[in-house]
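Please see the structure below; I have some questions.
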């Protein structure tokens, strides 16, 4: 292991810059998750509507994201949409667009699953207790739906955070890109920089994702029954 | 099944040989004491029925006898060898001490015959032809000769439990432990399983049976062992136990069953 | 939209080569991941001291970091400490590092789904620990794991789209180059999407079919 080189992380403003890059990654993820959740809940509700064509279209929409890699969708939007439609769309906007649409598809599937698995007798026994419609949702249906959806949704959030690493490939200046800049600048002074920089970014992602996946697993265990 | 009862087996009758001796066995789960000094002796050819309220430790005792639970104190002497110590070859011993479980636990991915032969072929390394012949014979005795090629999922609960008994028998054990083997069965299937066990008893098989079937306990047992709260409260022949139990706890226990009959 | 069909025909061999690279890479990574997963899940099952916590730590590291960063570390970082690998070797190593943890989890949940009482039943007829794994646990666990193993295989196949980042001439880089050199954006992207559709769709349909089949044929006990 090179005993020289780790200083590169703390030279000048490198450390702050890397964290700043991480913040860009987190921002893109966060905005995408928020938009994706809103659209996804809507989509999940639509997928339980009793209309075959609608359900088919929404299913195909989901499968498009499950079959074609996300990086391909990033490329498609990045390379085609802007020149074709004469809209100048930044890498960050491209990423948020793709991740939001992907998130919506997956959240929609989670919401649909939760809604469809809601047992009918829960509603009936709620009625039998004399609960009003509002109370039924407030005390019985929504808490159960949340329990069913939360682990999968947090898991999806982890996946989205990990996938944001790809946005460097469509020119977004985020943590990996800043890492590359630091490595290039220090090519003579710190020839081993790439080991430390990429190792550090590896750990940064772990620090962000690990708590999320722990949380998801905790909820999963807690609400298994 | 009736056939089983008629066939006597000369070398399996009671000889007075002490097969199993349990001395002061203690078992704890965390800080909960489940067995608090159990004493029990089993002679060859004897049928011991263990009764007691749920949670009294009777199933745990059986599991200790088969090495599925380690004990924290006391001795389990099987033909003089102590099984309570750390250095026990359970693989070898389990060939002599068979066990039948409440939920049958047949292997779902194997046929009936494969289930029965797994132990004889892989553990005992016996000849396939010879083992298979014995398996077929045993299947015939429990009335399931034609089910050798079936998978467990194709069988009823009672049939599965009879197969599980054959699987234990085919290892030619000295003793078989029965852990509430009818507790998961539909009522109409209980009888066919109990009949098989009754047949084995008449044949002189040594057995320790944990059950909640009082009538069965009365007719199959040579001795009734009544357990409560991790201790043996009473050991008595069935007639005596069921007509005039010596301890208050046994009386109380039997009263509950009387009440249930009302 | 007017597509340049001549260009499409001329580009086909390039996409064909790239698809072959993807298939080759995915196959090797999937097989290695399966081997790793099987071994690791057995180590976890037997609770091998020391190894167990190493494997658990590996699973967390692998599952909570992006493949792209894993690849960059392998490709740019490791040579600095004297470990040199070709692009292809790096891609295989990175994807196996990623896939191994997913496969371990799939095998592990299959093994855990085989009830404790099944193990006791096997023990009670005198099976050794190894025999128990071979005759009782693995046959049942594998059947249970097949859908998630399949899903992981498809996941790995899709993840190959990232290896272009370490200069392998995969589908992504072919498309990118064609766009850069000829400005045939629509054609290049169309072929790119089609290529992945051809690779992934049949497997995805197969998996759906297998899942349905397995659900129906679940072992009843």
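In order of appearance the chains are A, B and C, and numbering begins at 1 in each one.
We adopt the following convention: a residue touches a chain if its C-beta (ideal position, glycine included) is under 8 Å from a C-beta of that chain, and two chains touch if they have at least 3 such contacts.
Treat the numbers as computed from the prediction; the structure is a model and nothing was measured.
The interface with the largest number of contacting C-beta pairs joins chains A-C.
Central chain (C-alpha centroid nearest the global protein C-alpha centroid): C. Centroid distances from subunit A, each centroid being the mean of CA atoms, peak for B. Per-chain CA centroids place subunit A at a distance of 20 Å from subunit C. Subunit B and subunit C have centres, each the mean of its CA atoms, that are 47 Å apart.
Distance between chain centres (mean CA atoms), subunit A to subunit B: 56 Å. Residue positions of subunit A touching 2 or more other chains: there are none.
Interface residues of subunit A facing subunit C in the complex, by the touch rule stated above, are 1-2, 5, 63, 66-69, 71-72, 75-76, 79-80, 83-84, 158, 162-166, 168-169, 176, 183, 191-192, 194-199, 201-202, 205-206, 209-210, 213. By the touch criterion stated above, subunit C contacts subunit A in their complex at residues 60-61, 63-70, 72-73, 76-78, 80-81, 158-159, 161-162, 164-165, 172, 175-176, 179, 185-186, 188-189, 192-193, 196-197, 200-201, 204. Across the complex, subunit B meets subunit C through its residues 63, 66-68, 90-95, 98-99, 101, 103-109, 118-119, 122-124, 151-153, 160, 167-168, 171. Contacts from subunit C toward subunit B in the complex involve residues 117-118, 120-128, 131, 135-136, 139-140, 143, 219-221.
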